Amino acid sequence: MSTPDIHGIIGYTITPFSVDGEQLDLEALGLSIDRLIDSGVHAIAPLGSTGEGAYLSDSEWDRVCEFSIQHVAQRVPTIVSVSDLTTAKAVRRARYAQARGADVVMVLPASYWKLSESEILAHYQAIGSSIDLPIMLYNNPATSGTDMSPELILRIFNAVENVTMVKESTGDIQRMHRLQLLGEGQVPFYNGCNPLALEAFAAGAKGWCTAAPNLIAELNLALYAAVQANDLQQARALFYRQLPLLDFILKGGLPATIKAGLRSTGLKAGNPRLPVSALDDGACKQLQGLLDALS
Amino acid sequence: MSTPDIHGIIGYTITPFSVDGEQLDLEALGLSIDRLIDSGVHAIAPLGSTGEGAYLSDSEWDRVCEFSIQHVAQRVPTIVSVSDLTTAKAVRRARYAQARGADVVMVLPASYWKLSESEILAHYQAIGSSIDLPIMLYNNPATSGTDMSPELILRIFNAVENVTMVKESTGDIQRMHRLQLLGEGQVPFYNGCNPLALEAFAAGAKGWCTAAPNLIAELNLALYAAVQANDLQQARALFYRQLPLLDFILKGGLPATIKAGLRSTGLKAGNPRLPVSALDDGACKQLQGLLDALS
Amino acid sequence: MSTPDIHGIIGYTITPFSVDGEQLDLEALGLSIDRLIDSGVHAIAPLGSTGEGAYLSDSEWDRVCEFSIQHVAQRVPTIVSVSDLTTAKAVRRARYAQARGADVVMVLPASYWKLSESEILAHYQAIGSSIDLPIMLYNNPATSGTDMSPELILRIFNAVENVTMVKESTGDIQRMHRLQLLGEGQVPFYNGCNPLALEAFAAGAKGWCTAAPNLIAELNLALYAAVQANDLQQARALFYRQLPLLDFILKGGLPATIKAGLRSTGLKAGNPRLPVSALDDGACKQLQGLLDALS
Amino acid sequence: MSTPDIHGIIGYTITPFSVDGEQLDLEALGLSIDRLIDSGVHAIAPLGSTGEGAYLSDSEWDRVCEFSIQHVAQRVPTIVSVSDLTTAKAVRRARYAQARGADVVMVLPASYWKLSESEILAHYQAIGSSIDLPIMLYNNPATSGTDMSPELILRIFNAVENVTMVKESTGDIQRMHRLQLLGEGQVPFYNGCNPLALEAFAAGAKGWCTAAPNLIAELNLALYAAVQANDLQQARALFYRQLPLLDFILKGGLPATIKAGLRSTGLKAGNPRLPVSALDDGACKQLQGLLDALS
């Protein structure tokens, strides 16, 4: 198993629906993927939180997975989120993604019941042993309800051979420090908290997992480039420039805000599935104002 | 729509699986329902947290729902948990439960994304308008990730005609105080936090939603009887007697501990679905010790 | 050392100041103590949180301590709060209180820096070995910044001979459950969270430490009497009757609300010391409305 | 009023005591100040958290204040922490510091009771109007119990003329982002959380308030220099090098760890005042190991 070099700006895709919210709109999905790749993102990540993976039926999930991988067509690596509420279902999704050509799968320990550390480890082991792909472990207690300490993350990283990357979305920079110190610099970590982008890069994050490139790819990429060029002042200026938008999409919810933003650029992304509401008119205007200020 | 008088000890059922965890074991489910009713519980609640409703496929969920209602056969009221991740799926379950003869449906605003207050209200409105049954609103941020304040609960209670009962599982007794004061004594509330059973009754809870009667129905019922008899000293003594077991099943996780406890009494309940693990041997012995001390 | 039987309603006194906030008004203090005792409280506790002990100079503290003990004149037991920021200062206060005739001293591990468990234990040991009086250990992280788990409290209770009582003010009823279970019913605990009064008594609290008797002693005492009479329904009704006032004084801050309430009855209690503000006019009217509804 | 240009590494002094903990050791204080200045720190801050200001009597506080200012002798600016539990006492300290020649005073809204926003604002107004010096507002809920939101901080910054700097010690980098965005880049902010040093500088902090220079001034200064040189890679490397020590002194408590560290270099700093304990032998060895690794 060779791990592709995942780095930089990892763009998360939405899952467009028809107007009534019932049908998938794969054509719009293809357009949104093309935009992201054309803008220069370094990887594509379908079916994550932004992609409403949790709200899809199994057959919908399969179609989005297959279509996304085929449409990316290896222009950049594809990282498929395969989280599900039971281990059996997550294994099924992981195998499906591998069979369709995914480069990496991402696993959040989503569960209804709080999981113990040994339950979480067993979950990763079961998925890891069922596929040959590298796994990006994903910690996001705000959506999963399960918080993994840096110590637990390292335990899993060391115990499960194909867990080779860590996505940290708590927004707590000290978690990254601990991964770096305890992992002796050998644990590649990625930031999943948009308003932490500058500091995560400062602390050594290898990439930024974000839905923002759907709207402001140029700024996201410029921030990464400034960090690569070791130009902190430039990185700071670029970060503060995009921060109001990053705050807005975090606070407003990624599916609702990204879909609204795409719509304003002519891409028919539809609305999120209920109970998640579409942005109301006031928020749409606010978003448009933020986007106008950046263009 | 007439609301049945839901009160007292509301017994939550497990969902027994075959040994490999893949098949439903409806025969065992029937036995566990009979035990609960024979022991004297005042209502039966299938497919709740204890029933691993979140981990079932749609067809499994339907079969458990239908079987449970038929098997209870109106010996006591049946309260079916119909929560699901999207509004459309929750509506489908609510209608299904009504069609099969449920007396009440229970709704937890489960979601992957944090929901705003208006999104939660719309969710209840959509479900409420799709059925004619009374709805027990259920607040349990520890599993749903969504916390509803007493003020929001009252807003929903007042806005959605068939939301007529509130199950509060935060374990914060002040929430019940606020429901009582702000609702001017007109909002029937039920306790879903086992180690709060005594105080919730002291504060006026109309019932106790609990999986404990699968193991110690007699003690649960005696506590309720003491409260009904206005005998605080007796209630306190009964509560402290069963508290170590209540703490244990909360801490160990309801599906794992209740299934292990049932198994020790000869009922083949199977194990929880992964990633939730079965109790290990040490914990099983500890549970047995607690049960022996109460028998 | 014999421990007096501390139980029931333990009334906390304010520390009245002159209008400019600079001078002590011991005459008003004497009147407020007389009122409390005449109304029937079972003990008097000067210099607690309500008494603004933390805001007094050492000489002021000494004068209030001496005056209070002399004025109570053994009509009921006196429990003096001797907390201070350093161990040396707390020891000095404890000795002073003993020399003036206090029956019990109360100790909150107040500190600027977070204390480790061994530092907290050493603090209690140092105070305990410097006096012959019984000590009421006091846990209130909201004011002290230091939270003592039930396990730590029991460790101190067992290690320091004259720590013989526990005042719990977290408002978390499970703490009392743990004290009761782990202490095998041998640890007398007292409730310091006003809106938990009913449930703390239900759980077996021996007393209620409260400033409320300055304003509504009759209701506080009636609640205790109902519990003593094993009449839960009466206790519940009495509790909900006084709960709006209990919520108000907790939320508004005890020194400000109690002083305002006393003033409305003609007792010149002055204002709290800045930075704590006196109640504004709107809040005073709200308080008056609550008091009128109870009279 | 002209505000001195406070920036870079602001070194916090300890307050050395005699062996029995009772007497001040001003000679040792003078030596520690000289070391800090000779090592190159950009300002000296006596009587802060590290200086155990909260544990000194008024006369001790006055002596340390006067001595520190005289000993610094304007080699660098002196920033005196004047926090106290009442407004009157804090005003007294602020005036005293001004009279003795302090350049800046720092104010933490320390209080026993939780303060409302208007109480906090009034506290700063009272202190601000009593002196002519610039004030560094200090937010540290972990020690003060009072958390000031960025919005409140800006309200105070705008309302009180001589509040011209903000020290943020929550460790939450998003607070600094909000100060920068809401304050439109016009609010100088300083970092008081040691393990956030790298990211706070990345986010634009003007200085780092820290006791670490007592032990590793060279590394602290080198980090600042790398940031000034816009060399992010160097700053990151320097930060991770010193992070284990920064974590250790935060976790072990600043007075105990800094005093132990100074002692190992021959400076007789004494121990912290009880209830804060001196470092035990194991922790001293651990500290020595960390220091050896950096030398």
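Labels A, B, C and D are assigned to the chains in the order they are written; within every chain, residues are numbered from 1.
Just so we're on the same page, a contact is a pair of C-beta atoms (placed from the backbone, for glycine too) under 8 Å apart; a residue touches a chain by one contact, two chains touch by 3 or more.
Quick caveat: nothing in here was measured; it's all calculated off a predicted structure.
Enquirer: Interface check for copies chain A and chain D. Shared numbers divided by all numbers used: above half gives same, below half gives different; which is it?
Expert: The interface is built from the same residue numbers on each side, given that over half of them are used by both copies.
Enquirer: Could you state the distance in Å from the CA-based centre of chain A to that of chain C?
Expert: Between these chains, centre-to-centre, one finds 52 Å.
Enquirer: Quick check: how many Å separate the C-alpha centres of chain A and chain D?
Expert: 39
Enquirer: What whole-number Å value describes the gap between the mean CA coordinates of chain C and chain D?
Expert: 35
Enquirer: Hunt down the residues of chain D that sit against at least two other chains at once, touch-wise.
Expert: none
Enquirer: Hey, how would you classify the chain contact layout here, line, ring, star, complete or other?
Expert: Contact pattern: a closed ring, each chain touching exactly two others.
Enquirer: Taking all chains into account, which pairs touch?
Expert: Pairs of chains that touch one another: A-B, A-D, B-C, C-D.
Enquirer: If you look only at chain D, which of its residues touch chain C in the complex?
Expert: 21, 49, 52, 54-55, 85-88, 109-116, 118-120, 122-123, 126, 142-143, 145, 253, 255, 273-277
Enquirer: Help me check something: in the complex, which residues belonging to chain A touch chain D?
Expert: 171, 173-174, 177, 180-181, 195-196, 198-199, 202-204, 227, 230-233, 235-236, 240, 243-244
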